[in-house]
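The next part holds the structures, each set out as C-alpha coordinates.
In the two complexes below, chain A is the common chain; its partner is chain B in one and chain C in the other.
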Partner chain A sequence: MATTATISISSPDLLPGGSLSINASATLTKAGVTADLDQKESGVIKLATGTEFRLGPLATEMSGDVHDIGSYIYICNNTTEDATRYIDWGINETMIGRLYAGDWMFIPWNASDDAAEIEIEAQGGTNIIEYCFFNSDFILPTAAS
Partner chain B sequence: MATLTPTLTLVSTDASSDEINFSVTDSLNVTKNVISPSKVALSTGDLTLFAAASYTKSYVYLRNTDDTIVMDIDFGTQLSIQLAAGEFAFFPWESSGNILAKSASGTPYLEYAIFEA
Partner chain C sequence: MATTTATVTINSDISSYPITIGKQMTLTKSANRSAGLEETTGLRSKKFTATTAAVIVEADELTDDTAHKVYIRNASASRANFFYVAYNASAAAAATAETIGKLYGGDWMLFPYNGSTNITVASSTTDTQFLEYMVLADGIEAAKG
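Up next, the complex of A and B:
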(Lines of atoms letter the chains of each structure in order from A and count residues from 1; the text may use other names and numbers.)
(Lines give C-alpha, C1' and ligand atoms only; values in the text may rest on other atoms or scores of the structure.)
Protein backbone atom coordinates (compact mmCIF):
# COMPACT_ATOMS: atom_id res chain seq x y z
CA MET A 1 0.00 0.00 0.00
CA ALA A 2 1.01 3.56 -0.24
CA THR A 3 0.58 6.98 1.19
CA THR A 4 -1.56 9.17 -1.00
CA ALA A 5 -2.59 12.80 -0.89
CA THR A 6 -5.65 13.98 -2.76
CA ILE A 7 -6.80 17.54 -3.19
CA SER A 8 -10.00 19.01 -4.49
CA ILE A 9 -10.64 22.72 -4.85
CA SER A 10 -14.11 23.78 -5.80
CA SER A 11 -16.26 26.85 -6.03
CA PRO A 12 -19.77 27.28 -7.38
CA ASP A 13 -19.49 31.02 -7.90
CA LEU A 14 -15.88 31.95 -8.52
CA LEU A 15 -15.83 31.79 -12.31
CA PRO A 16 -18.37 33.41 -14.58
CA GLY A 17 -20.39 30.88 -16.49
CA GLY A 18 -19.29 27.80 -14.63
CA SER A 19 -18.09 26.25 -11.46
CA LEU A 20 -14.48 25.61 -10.50
CA SER A 21 -13.36 22.05 -9.84
CA ILE A 22 -9.73 21.08 -9.42
CA ASN A 23 -8.86 17.51 -8.50
CA ALA A 24 -5.44 15.94 -8.15
CA SER A 25 -3.91 12.99 -6.38
CA ALA A 26 -0.31 12.05 -5.70
CA THR A 27 1.41 9.04 -4.24
CA LEU A 28 4.00 10.16 -1.74
CA THR A 29 7.28 8.32 -2.06
CA LYS A 30 10.79 8.28 -0.73
CA ALA A 31 13.21 10.73 -2.22
CA GLY A 32 14.07 9.96 -5.80
CA VAL A 33 12.53 6.51 -5.80
CA THR A 34 9.11 4.94 -6.01
CA ALA A 35 9.28 3.17 -2.65
CA ASP A 36 6.56 3.88 -0.14
CA LEU A 37 7.14 6.22 2.75
CA ASP A 38 7.54 4.37 6.00
CA GLN A 39 8.10 7.08 8.60
CA LYS A 40 5.80 9.79 9.84
CA GLU A 41 5.24 12.04 12.81
CA SER A 42 1.93 13.64 13.69
CA GLY A 43 0.38 15.44 16.58
CA VAL A 44 -1.54 18.34 18.03
CA ILE A 45 0.33 21.27 19.57
CA LYS A 46 -0.77 24.33 21.51
CA LEU A 47 1.32 27.33 20.49
CA ALA A 48 1.73 30.40 22.65
CA THR A 49 2.50 33.73 21.05
CA GLY A 50 5.86 35.43 21.11
CA THR A 51 8.11 32.59 20.00
CA GLU A 52 9.00 31.25 16.61
CA PHE A 53 9.06 27.48 16.70
CA ARG A 54 10.56 24.90 14.39
CA LEU A 55 8.20 22.23 13.15
CA GLY A 56 9.74 18.99 11.98
CA PRO A 57 13.38 17.99 12.00
CA LEU A 58 16.39 19.77 10.62
CA ALA A 59 17.92 18.44 7.43
CA THR A 60 20.81 17.01 9.42
CA GLU A 61 18.33 15.08 11.55
CA MET A 62 17.32 13.14 8.48
CA SER A 63 19.54 10.68 6.66
CA GLY A 64 19.97 9.80 3.04
CA ASP A 65 21.90 11.35 0.23
CA VAL A 66 18.95 13.26 -1.10
CA HIS A 67 16.03 13.85 1.21
CA ASP A 68 14.77 16.91 -0.62
CA ILE A 69 11.78 15.28 -2.24
CA GLY A 70 10.96 12.71 0.40
CA SER A 71 9.43 15.10 2.91
CA TYR A 72 5.85 16.28 3.07
CA ILE A 73 4.18 18.43 5.65
CA TYR A 74 0.55 19.10 6.45
CA ILE A 75 -0.46 21.79 8.95
CA CYS A 76 -3.96 22.82 9.99
CA ASN A 77 -4.85 25.60 12.38
CA ASN A 78 -7.56 24.13 14.60
CA THR A 79 -8.12 27.36 16.47
CA THR A 80 -11.78 28.29 16.70
CA GLU A 81 -11.94 30.80 19.51
CA ASP A 82 -11.08 33.95 17.67
CA ALA A 83 -10.93 34.75 13.98
CA THR A 84 -8.08 37.19 14.60
CA ARG A 85 -5.74 34.41 15.68
CA TYR A 86 -3.46 32.89 13.10
CA ILE A 87 -0.21 31.07 12.52
CA ASP A 88 2.60 32.59 10.51
CA TRP A 89 4.48 29.91 8.62
CA GLY A 90 7.74 30.21 6.80
CA ILE A 91 10.87 28.55 5.56
CA ASN A 92 14.43 29.77 5.97
CA GLU A 93 13.55 32.84 8.01
CA THR A 94 11.07 33.95 5.35
CA MET A 95 7.46 34.36 6.42
CA ILE A 96 5.39 32.95 3.60
CA GLY A 97 1.79 32.81 4.71
CA ARG A 98 -0.82 32.84 7.44
CA LEU A 99 -3.06 30.02 8.53
CA TYR A 100 -6.22 31.43 10.05
CA ALA A 101 -8.73 29.37 12.00
CA GLY A 102 -9.53 26.27 9.99
CA ASP A 103 -6.96 26.93 7.27
CA TRP A 104 -4.64 24.13 6.20
CA MET A 105 -1.64 23.69 3.95
CA PHE A 106 0.18 20.79 2.33
CA ILE A 107 3.57 21.00 0.66
CA PRO A 108 6.32 18.70 -0.48
CA TRP A 109 9.04 20.26 1.62
CA ASN A 110 12.52 20.80 0.21
CA ALA A 111 14.63 20.16 3.30
CA SER A 112 17.84 20.88 1.48
CA ASP A 113 19.77 22.03 4.54
CA ASP A 114 19.23 23.08 8.13
CA ALA A 115 18.42 26.64 7.12
CA ALA A 116 15.37 25.34 5.27
CA GLU A 117 13.58 24.55 8.53
CA ILE A 118 9.81 25.01 8.77
CA GLU A 119 9.03 27.88 11.15
CA ILE A 120 5.69 28.65 12.76
CA GLU A 121 4.61 31.40 15.12
CA ALA A 122 1.23 32.00 16.74
CA GLN A 123 -0.25 35.48 16.48
CA GLY A 124 -3.13 37.07 18.36
CA GLY A 125 -3.19 34.50 21.15
CA THR A 126 -2.66 30.81 21.74
CA ASN A 127 -3.31 28.72 18.62
CA ILE A 128 -3.74 24.98 18.34
CA ILE A 129 -2.40 23.21 15.30
CA GLU A 130 -2.44 19.67 14.08
CA TYR A 131 0.28 18.46 11.80
CA CYS A 132 1.47 15.41 9.96
CA PHE A 133 4.98 15.09 8.69
CA PHE A 134 6.08 12.32 6.35
CA ASN A 135 9.70 11.56 5.72
CA SER A 136 11.98 8.84 4.44
CA ASP A 137 14.61 8.83 7.13
CA PHE A 138 14.31 10.38 10.57
CA ILE A 139 17.31 10.21 12.87
CA LEU A 140 16.57 10.38 16.57
CA PRO A 141 18.66 12.87 18.55
CA THR A 142 21.61 11.36 20.36
CA ALA A 143 20.99 10.92 24.06
CA ALA A 144 22.56 13.62 26.23
CA SER A 145 24.16 11.10 28.56
CA MET B 1 -17.26 37.63 -3.08
CA ALA B 2 -16.94 33.95 -3.95
CA THR B 3 -16.40 30.93 -1.77
CA LEU B 4 -13.55 28.53 -2.36
CA THR B 5 -13.62 25.09 -0.78
CA PRO B 6 -10.29 23.25 -0.66
CA THR B 7 -10.23 19.70 0.66
CA LEU B 8 -7.21 17.55 1.41
CA THR B 9 -7.39 13.80 2.00
CA LEU B 10 -4.40 11.91 3.35
CA VAL B 11 -4.47 8.11 3.36
CA SER B 12 -1.77 5.70 4.39
CA THR B 13 -1.99 2.13 5.47
CA ASP B 14 1.69 1.53 5.96
CA ALA B 15 3.35 4.67 7.30
CA SER B 16 2.54 3.42 10.79
CA SER B 17 0.47 0.73 12.48
CA ASP B 18 -2.16 3.37 13.12
CA GLU B 19 -3.75 3.75 9.72
CA ILE B 20 -4.12 7.30 8.46
CA ASN B 21 -7.28 8.25 6.70
CA PHE B 22 -8.61 11.74 7.14
CA SER B 23 -9.93 14.69 5.22
CA VAL B 24 -9.79 18.35 6.09
CA THR B 25 -11.72 21.05 4.35
CA ASP B 26 -11.96 24.81 4.58
CA SER B 27 -14.16 27.63 3.36
CA LEU B 28 -12.25 30.59 1.98
CA ASN B 29 -13.50 33.95 0.81
CA VAL B 30 -12.08 35.12 -2.49
CA THR B 31 -12.65 38.77 -3.24
CA LYS B 32 -9.91 39.89 -5.61
CA ASN B 33 -7.73 38.46 -8.37
CA VAL B 34 -8.08 34.89 -9.54
CA ILE B 35 -6.05 32.89 -12.00
CA SER B 36 -7.98 29.71 -12.64
CA PRO B 37 -6.02 26.53 -13.38
CA SER B 38 -3.42 27.30 -16.01
CA LYS B 39 -0.24 25.72 -17.30
CA VAL B 40 3.19 27.11 -18.00
CA ALA B 41 6.32 25.46 -19.37
CA LEU B 42 9.25 25.85 -17.01
CA SER B 43 12.94 25.87 -17.80
CA THR B 44 16.03 25.55 -15.67
CA GLY B 45 16.03 29.32 -15.13
CA ASP B 46 13.84 30.98 -12.52
CA LEU B 47 10.40 32.05 -13.68
CA THR B 48 8.55 34.61 -11.57
CA LEU B 49 5.25 32.81 -11.30
CA PHE B 50 3.61 35.28 -8.93
CA ALA B 51 5.06 38.71 -8.22
CA ALA B 52 4.55 39.81 -4.64
CA ALA B 53 3.69 43.35 -5.68
CA SER B 54 0.70 42.13 -7.69
CA TYR B 55 -1.09 40.33 -4.88
CA THR B 56 -2.12 40.51 -1.26
CA LYS B 57 -3.10 37.56 0.91
CA SER B 58 -3.74 34.65 -1.44
CA TYR B 59 -4.05 30.90 -1.68
CA VAL B 60 -1.76 29.12 -4.11
CA TYR B 61 -2.18 25.78 -5.86
CA LEU B 62 0.72 24.19 -7.76
CA ARG B 63 1.02 20.82 -9.48
CA ASN B 64 3.81 19.22 -11.45
CA THR B 65 2.16 17.65 -14.49
CA ASP B 66 5.32 15.93 -15.69
CA ASP B 67 5.94 12.20 -15.32
CA THR B 68 9.60 12.41 -14.40
CA ILE B 69 11.08 15.89 -14.06
CA VAL B 70 11.32 17.59 -10.66
CA MET B 71 10.35 21.24 -10.16
CA ASP B 72 11.75 23.66 -7.59
CA ILE B 73 9.66 26.40 -6.03
CA ASP B 74 11.18 29.13 -3.93
CA PHE B 75 10.26 32.42 -2.34
CA GLY B 76 13.24 34.51 -3.31
CA THR B 77 16.48 32.98 -2.24
CA GLN B 78 15.96 29.49 -0.88
CA LEU B 79 14.50 26.36 -2.37
CA SER B 80 11.43 25.70 -0.30
CA ILE B 81 9.15 23.31 -2.13
CA GLN B 82 10.17 20.55 -4.46
CA LEU B 83 7.47 19.00 -6.61
CA ALA B 84 8.32 15.54 -7.86
CA ALA B 85 6.37 14.08 -10.76
CA GLY B 86 2.65 14.47 -10.21
CA GLU B 87 2.95 16.14 -6.83
CA PHE B 88 0.98 19.20 -5.73
CA ALA B 89 1.07 21.90 -3.06
CA PHE B 90 -1.58 24.17 -1.59
CA PHE B 91 -0.71 26.92 0.85
CA PRO B 92 -1.61 30.43 1.98
CA TRP B 93 0.75 33.11 0.70
CA GLU B 94 1.06 36.55 2.24
CA SER B 95 2.83 37.91 -0.87
CA SER B 96 5.88 38.70 1.21
CA GLY B 97 8.15 37.68 -1.66
CA ASN B 98 7.92 36.55 -5.26
CA ILE B 99 7.13 32.92 -5.97
CA LEU B 100 9.70 31.54 -8.39
CA ALA B 101 9.62 28.24 -10.27
CA LYS B 102 12.10 26.30 -12.34
CA SER B 103 12.64 22.77 -13.57
CA ALA B 104 15.51 20.43 -12.85
CA SER B 105 15.77 19.84 -16.59
CA GLY B 106 13.78 20.16 -19.79
CA THR B 107 10.57 22.12 -20.14
CA PRO B 108 7.93 20.38 -18.01
CA TYR B 109 4.55 21.98 -17.43
CA LEU B 110 3.53 23.41 -14.10
CA GLU B 111 -0.17 23.70 -13.38
CA TYR B 112 -0.99 26.66 -11.16
CA ALA B 113 -3.83 28.68 -9.76
CA ILE B 114 -4.06 31.58 -7.33
CA PHE B 115 -7.00 32.93 -5.39
CA GLU B 116 -6.63 36.32 -3.74
CA ALA B 117 -8.59 36.72 -0.52
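Up next, the complex of A and C:
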Protein backbone atom coordinates (compact mmCIF):
# COMPACT_ATOMS: atom_id res chain seq x y z
CA MET A 1 0.00 0.00 0.00
CA ALA A 2 1.83 3.05 -1.20
CA THR A 3 0.92 6.69 -0.95
CA THR A 4 2.86 9.24 -2.96
CA ALA A 5 2.65 13.03 -2.94
CA THR A 6 4.09 15.02 -5.81
CA ILE A 7 4.45 18.77 -6.18
CA SER A 8 5.23 20.93 -9.16
CA ILE A 9 5.84 24.67 -8.82
CA SER A 10 6.44 26.57 -12.01
CA SER A 11 6.60 30.10 -13.28
CA PRO A 12 7.87 31.50 -16.55
CA ASP A 13 8.35 35.01 -15.21
CA LEU A 14 8.69 35.15 -11.40
CA LEU A 15 12.49 35.04 -11.55
CA PRO A 16 14.12 37.72 -13.69
CA GLY A 17 16.13 36.09 -16.41
CA GLY A 18 14.93 32.56 -15.89
CA SER A 19 12.00 30.30 -15.33
CA LEU A 20 11.13 28.54 -12.08
CA SER A 21 10.54 24.80 -12.12
CA ILE A 22 10.41 22.69 -8.96
CA ASN A 23 9.35 19.06 -9.04
CA ALA A 24 9.47 16.74 -6.06
CA SER A 25 7.85 13.48 -5.08
CA ALA A 26 7.64 11.77 -1.70
CA THR A 27 6.49 8.32 -0.72
CA LEU A 28 4.72 8.74 2.60
CA THR A 29 5.74 6.16 5.19
CA LYS A 30 5.38 5.41 8.86
CA ALA A 31 7.69 7.37 11.14
CA GLY A 32 11.34 6.55 10.77
CA VAL A 33 10.84 3.46 8.62
CA THR A 34 10.02 2.59 5.03
CA ALA A 35 6.73 0.82 5.75
CA ASP A 36 3.80 2.40 3.94
CA LEU A 37 1.04 4.32 5.66
CA ASP A 38 -2.13 2.28 5.89
CA GLN A 39 -4.95 4.48 7.21
CA LYS A 40 -6.69 7.61 6.00
CA GLU A 41 -9.57 9.89 6.92
CA SER A 42 -11.13 12.35 4.50
CA GLY A 43 -14.12 14.62 4.12
CA VAL A 44 -15.77 17.73 2.75
CA ILE A 45 -16.99 20.38 5.19
CA LYS A 46 -18.92 23.62 4.86
CA LEU A 47 -17.60 26.13 7.42
CA ALA A 48 -19.57 29.09 8.68
CA THR A 49 -17.76 32.14 10.00
CA GLY A 50 -17.41 33.07 13.64
CA THR A 51 -16.17 29.80 15.13
CA GLU A 52 -12.75 28.23 15.33
CA PHE A 53 -13.03 24.51 14.63
CA ARG A 54 -10.71 21.58 15.14
CA LEU A 55 -10.00 19.66 11.95
CA GLY A 56 -9.36 15.97 12.30
CA PRO A 57 -8.61 13.88 15.35
CA LEU A 58 -6.85 14.77 18.56
CA ALA A 59 -3.41 13.29 19.09
CA THR A 60 -4.83 10.86 21.63
CA GLU A 61 -7.31 9.68 19.00
CA MET A 62 -4.48 8.60 16.77
CA SER A 63 -1.89 6.79 18.81
CA GLY A 64 -2.61 6.70 22.52
CA ASP A 65 0.35 7.99 24.47
CA VAL A 66 2.83 7.59 21.64
CA HIS A 67 2.78 10.32 19.05
CA ASP A 68 5.86 9.43 17.09
CA ILE A 69 3.89 8.67 13.96
CA GLY A 70 4.06 9.64 10.33
CA SER A 71 1.05 11.86 9.71
CA TYR A 72 0.20 14.12 6.78
CA ILE A 73 -2.73 16.30 5.84
CA TYR A 74 -3.96 17.78 2.58
CA ILE A 75 -6.47 20.64 2.76
CA CYS A 76 -8.06 22.43 -0.17
CA ASN A 77 -10.35 25.44 -0.01
CA ASN A 78 -12.98 24.68 -2.65
CA THR A 79 -14.98 27.86 -2.11
CA THR A 80 -16.09 29.28 -5.45
CA GLU A 81 -18.53 32.08 -4.56
CA ASP A 82 -15.91 34.68 -3.64
CA ALA A 83 -12.14 34.53 -4.21
CA THR A 84 -11.47 36.80 -1.22
CA ARG A 85 -12.82 34.25 1.27
CA TYR A 86 -10.28 32.22 3.20
CA ILE A 87 -9.79 30.03 6.19
CA ASP A 88 -7.27 30.88 8.86
CA TRP A 89 -5.39 27.72 9.73
CA GLY A 90 -3.16 27.10 12.69
CA ILE A 91 -1.85 24.80 15.36
CA ASN A 92 -2.07 25.12 19.12
CA GLU A 93 -4.27 28.21 19.06
CA THR A 94 -1.79 30.05 16.85
CA MET A 95 -2.90 30.99 13.36
CA ILE A 96 -0.20 30.35 10.75
CA GLY A 97 -1.72 31.37 7.43
CA ARG A 98 -4.66 32.04 5.19
CA LEU A 99 -5.88 29.34 2.83
CA TYR A 100 -7.73 31.35 0.19
CA ALA A 101 -10.49 30.09 -2.07
CA GLY A 102 -8.95 27.80 -4.65
CA ASP A 103 -5.74 27.22 -2.69
CA TRP A 104 -4.43 23.95 -1.26
CA MET A 105 -1.82 23.00 1.34
CA PHE A 106 0.02 19.83 2.26
CA ILE A 107 1.98 19.39 5.50
CA PRO A 108 3.31 16.75 7.83
CA TRP A 109 1.54 17.03 11.17
CA ASN A 110 3.42 16.72 14.43
CA ALA A 111 0.42 15.93 16.66
CA SER A 112 2.65 15.80 19.72
CA ASP A 113 -0.28 16.19 22.09
CA ASP A 114 -3.94 17.14 22.06
CA ALA A 115 -3.08 20.85 22.24
CA ALA A 116 -1.32 20.51 18.88
CA GLU A 117 -4.67 20.19 17.13
CA ILE A 118 -5.19 21.69 13.68
CA GLU A 119 -7.55 24.67 13.90
CA ILE A 120 -9.46 26.35 11.10
CA GLU A 121 -11.78 29.36 10.98
CA ALA A 122 -13.68 30.65 7.97
CA GLN A 123 -13.31 34.33 7.07
CA GLY A 124 -15.38 36.48 4.74
CA GLY A 125 -18.29 34.06 4.50
CA THR A 126 -19.00 30.36 4.34
CA ASN A 127 -16.03 28.37 3.06
CA ILE A 128 -16.05 24.81 1.72
CA ILE A 129 -12.98 22.71 2.34
CA GLU A 130 -11.98 19.18 1.54
CA TYR A 131 -9.30 17.37 3.46
CA CYS A 132 -7.52 14.06 3.69
CA PHE A 133 -5.35 12.76 6.54
CA PHE A 134 -2.89 9.98 5.89
CA ASN A 135 -1.30 8.11 8.79
CA SER A 136 -1.08 4.75 10.47
CA ASP A 137 -2.68 5.19 13.85
CA PHE A 138 -6.30 6.38 13.90
CA ILE A 139 -8.20 5.19 16.94
CA LEU A 140 -11.99 5.24 16.83
CA PRO A 141 -13.78 6.89 19.77
CA THR A 142 -15.17 4.45 22.30
CA ALA A 143 -18.89 3.92 21.88
CA ALA A 144 -21.06 5.79 24.38
CA SER A 145 -22.96 2.66 25.40
CA MET B 1 2.61 40.51 -13.05
CA ALA B 2 4.07 37.06 -12.73
CA THR B 3 2.17 33.82 -13.07
CA THR B 4 3.15 31.05 -10.68
CA THR B 5 1.30 27.77 -10.31
CA ALA B 6 1.61 24.98 -7.78
CA THR B 7 0.20 21.55 -8.50
CA VAL B 8 -0.22 18.66 -6.08
CA THR B 9 -0.86 15.07 -7.02
CA ILE B 10 -1.50 12.45 -4.36
CA ASN B 11 -1.99 8.81 -5.25
CA SER B 12 -2.79 6.15 -2.71
CA ASP B 13 -4.01 2.58 -2.63
CA ILE B 14 -4.73 2.57 1.10
CA SER B 15 -8.41 2.06 0.31
CA SER B 16 -9.81 -0.69 -1.84
CA TYR B 17 -10.61 2.05 -4.32
CA PRO B 18 -7.61 4.11 -5.49
CA ILE B 19 -7.34 7.69 -4.28
CA THR B 20 -6.16 10.33 -6.70
CA ILE B 21 -6.01 13.94 -5.64
CA GLY B 22 -4.96 16.46 -8.24
CA LYS B 23 -5.20 20.19 -7.73
CA GLN B 24 -3.53 23.20 -9.28
CA MET B 25 -3.55 26.69 -7.81
CA THR B 26 -2.32 29.99 -9.15
CA LEU B 27 -0.48 31.94 -6.47
CA THR B 28 -2.08 35.36 -6.09
CA LYS B 29 -2.05 38.33 -3.77
CA SER B 30 -4.38 38.75 -0.81
CA ALA B 31 -5.37 42.27 -1.80
CA ASN B 32 -6.12 41.36 -5.41
CA ARG B 33 -6.99 37.74 -6.06
CA SER B 34 -6.45 38.22 -9.78
CA ALA B 35 -2.88 39.52 -9.40
CA GLY B 36 -0.07 37.00 -9.30
CA LEU B 37 2.65 36.99 -6.64
CA GLU B 38 5.64 38.99 -7.83
CA GLU B 39 8.27 38.36 -5.16
CA THR B 40 10.24 35.46 -3.72
CA THR B 41 13.10 34.86 -1.34
CA GLY B 42 14.52 32.52 -3.95
CA LEU B 43 15.11 28.82 -3.59
CA ARG B 44 17.74 28.13 -0.94
CA SER B 45 19.60 24.96 -0.05
CA LYS B 46 21.16 24.55 3.40
CA LYS B 47 23.29 21.78 4.89
CA PHE B 48 22.68 20.85 8.53
CA THR B 49 25.10 18.84 10.69
CA ALA B 50 23.73 19.73 14.13
CA THR B 51 20.42 19.55 15.94
CA THR B 52 20.39 23.20 16.95
CA ALA B 53 17.23 25.03 15.92
CA ALA B 54 17.66 27.56 13.12
CA VAL B 55 15.41 30.21 11.59
CA ILE B 56 14.90 29.67 7.86
CA VAL B 57 12.19 32.29 7.29
CA GLU B 58 12.41 35.61 9.11
CA ALA B 59 8.98 37.06 9.62
CA ASP B 60 10.19 40.66 9.79
CA GLU B 61 11.28 40.44 6.15
CA LEU B 62 7.72 39.75 5.06
CA THR B 63 4.51 41.74 5.08
CA ASP B 64 2.12 40.51 7.77
CA ASP B 65 -1.20 38.81 7.07
CA THR B 66 -0.95 38.36 3.34
CA ALA B 67 -0.87 35.34 1.02
CA HIS B 68 2.70 34.04 1.31
CA LYS B 69 3.36 30.38 0.51
CA VAL B 70 6.25 28.45 2.05
CA TYR B 71 7.78 25.45 0.29
CA ILE B 72 10.18 23.24 2.24
CA ARG B 73 11.74 19.91 1.25
CA ASN B 74 14.05 17.58 3.11
CA ALA B 75 16.43 16.82 0.24
CA SER B 76 18.11 13.95 2.08
CA ALA B 77 17.16 10.35 1.46
CA SER B 78 16.98 8.75 4.90
CA ARG B 79 13.51 8.01 6.21
CA ALA B 80 15.06 7.59 9.67
CA ASN B 81 15.99 11.27 9.96
CA PHE B 82 13.83 14.35 9.83
CA PHE B 83 13.54 18.08 10.47
CA TYR B 84 11.10 19.54 12.95
CA VAL B 85 9.41 22.49 11.27
CA ALA B 86 7.85 25.09 13.56
CA TYR B 87 6.05 28.41 13.47
CA ASN B 88 8.09 29.89 16.29
CA ALA B 89 10.53 32.73 16.92
CA SER B 90 13.46 30.45 17.68
CA ALA B 91 12.52 26.91 18.68
CA ALA B 92 11.61 23.72 16.87
CA ALA B 93 11.16 20.46 18.74
CA ALA B 94 8.53 17.87 19.52
CA ALA B 95 7.26 19.84 22.50
CA THR B 96 7.40 23.30 20.89
CA ALA B 97 3.83 24.55 20.90
CA GLU B 98 3.71 25.50 17.24
CA THR B 99 5.73 22.68 15.73
CA ILE B 100 3.88 21.91 12.53
CA GLY B 101 5.38 18.53 11.74
CA LYS B 102 8.33 16.30 11.02
CA LEU B 103 9.75 16.42 7.53
CA TYR B 104 11.43 13.09 6.84
CA GLY B 105 13.98 12.47 4.11
CA GLY B 106 12.33 13.09 0.74
CA ASP B 107 9.24 14.76 2.24
CA TRP B 108 8.04 18.18 1.15
CA MET B 109 5.44 20.62 2.41
CA LEU B 110 3.68 23.68 1.04
CA PHE B 111 1.55 25.88 3.26
CA PRO B 112 0.06 29.36 3.38
CA TYR B 113 1.94 31.62 5.79
CA ASN B 114 0.94 34.93 7.37
CA GLY B 115 4.48 36.25 7.87
CA SER B 116 3.89 37.10 11.53
CA THR B 117 6.33 34.68 13.23
CA ASN B 118 9.52 32.99 12.05
CA ILE B 119 9.65 29.53 10.50
CA THR B 120 12.20 27.52 12.43
CA VAL B 121 13.68 24.07 11.83
CA ALA B 122 15.80 21.62 13.80
CA SER B 123 17.44 18.49 12.46
CA SER B 124 16.80 15.27 14.36
CA THR B 125 20.38 14.14 13.87
CA THR B 126 23.98 15.24 13.58
CA ASP B 127 24.14 13.26 10.34
CA THR B 128 24.29 15.56 7.34
CA GLN B 129 20.88 16.59 6.05
CA PHE B 130 20.01 19.08 3.33
CA LEU B 131 16.96 21.33 3.37
CA GLU B 132 15.52 23.23 0.43
CA TYR B 133 13.14 26.10 1.08
CA MET B 134 11.54 29.05 -0.59
CA VAL B 135 8.97 31.71 0.20
CA LEU B 136 6.68 32.75 -2.62
CA ALA B 137 5.97 36.13 -1.16
CA ASP B 138 3.05 38.53 -1.05
CA GLY B 139 5.18 41.46 0.12
CA ILE B 140 8.86 41.57 1.11
CA GLU B 141 9.96 44.30 3.50
CA ALA B 142 13.16 45.27 1.71
CA ALA B 143 14.44 47.61 4.40
CA LYS B 144 14.53 44.91 7.06
CA GLY B 145 16.66 41.84 7.41
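Heads up, the rule we're going with is that the second predicted complex is superposed on the first by the 138 of 145 C-alpha atoms of A that agree within 3 Å, B and C clash if a C-alpha of one lies under 4 Å from a C-alpha of the other, contacts with A are read in each partner's own complex, and residues count from 1 in each chain.
Keep this in mind: contacts are C-beta pairs under 8 Å (C-beta built on N, C-alpha and C of every residue); 3 or more make two chains touch, one makes a residue touch a chain.
Computed from a predicted model, the values in this text were never measured in an experiment.
After superposition onto chain A, the modelled positions of chain B and chain C overlap sterically. Legend: residue contacts after superposition of the two complexes on their common chain; A:39 is shown touching both chain B and chain C.
In the superposed model, A:109 makes contact with both chain B and chain C. Looking at the shared chain after the overlay, A:84 reaches chain C, while chain B stays out of its contact range. Of the two partner chains placed around the shared chain by superposition, chain B and chain C are both touched by A:20. Of the two partner chains placed by superposition, chain B and chain C are both touched by A:7. Residues 1-15, 20, 22, 24, 26-29, 37-40, 42, 74, 76, 89, 91-92, 94-100, 102-110, 112, 115-116, 132, 134 of chain A contact both chain B in one complex and chain C in the other. Partner chain A is touched in their complex by these residues of chain B: 2-16, 20, 24, 26-28, 30, 34, 36-37, 57, 61, 63, 70, 72-73, 75-84, 86-94, 96-97, 113, 115.
Residue ranges on chain A touching chain C, taken from their complex, read 1-15, 20, 22, 24, 26-29, 31-34, 37-40, 42, 67, 70-72, 74, 76, 83-84, 89-92, 94-110, 112, 115-116, 132, 134.
Within the complex, the chain C residues that touch chain A are 2-15, 19, 21, 23, 25-26, 28, 30, 33-34, 37-38, 40, 42-43, 65-68, 71, 73, 79-80, 82, 84-85, 87, 94-95, 97-104, 106-114, 117, 134, 136.
The residues of chain A lying in touch with chain B in their complex are 1-15, 20, 22, 24, 26-29, 36-40, 42, 68-69, 74, 76, 89, 91-92, 94-100, 102-110, 112, 115-116, 132, 134.
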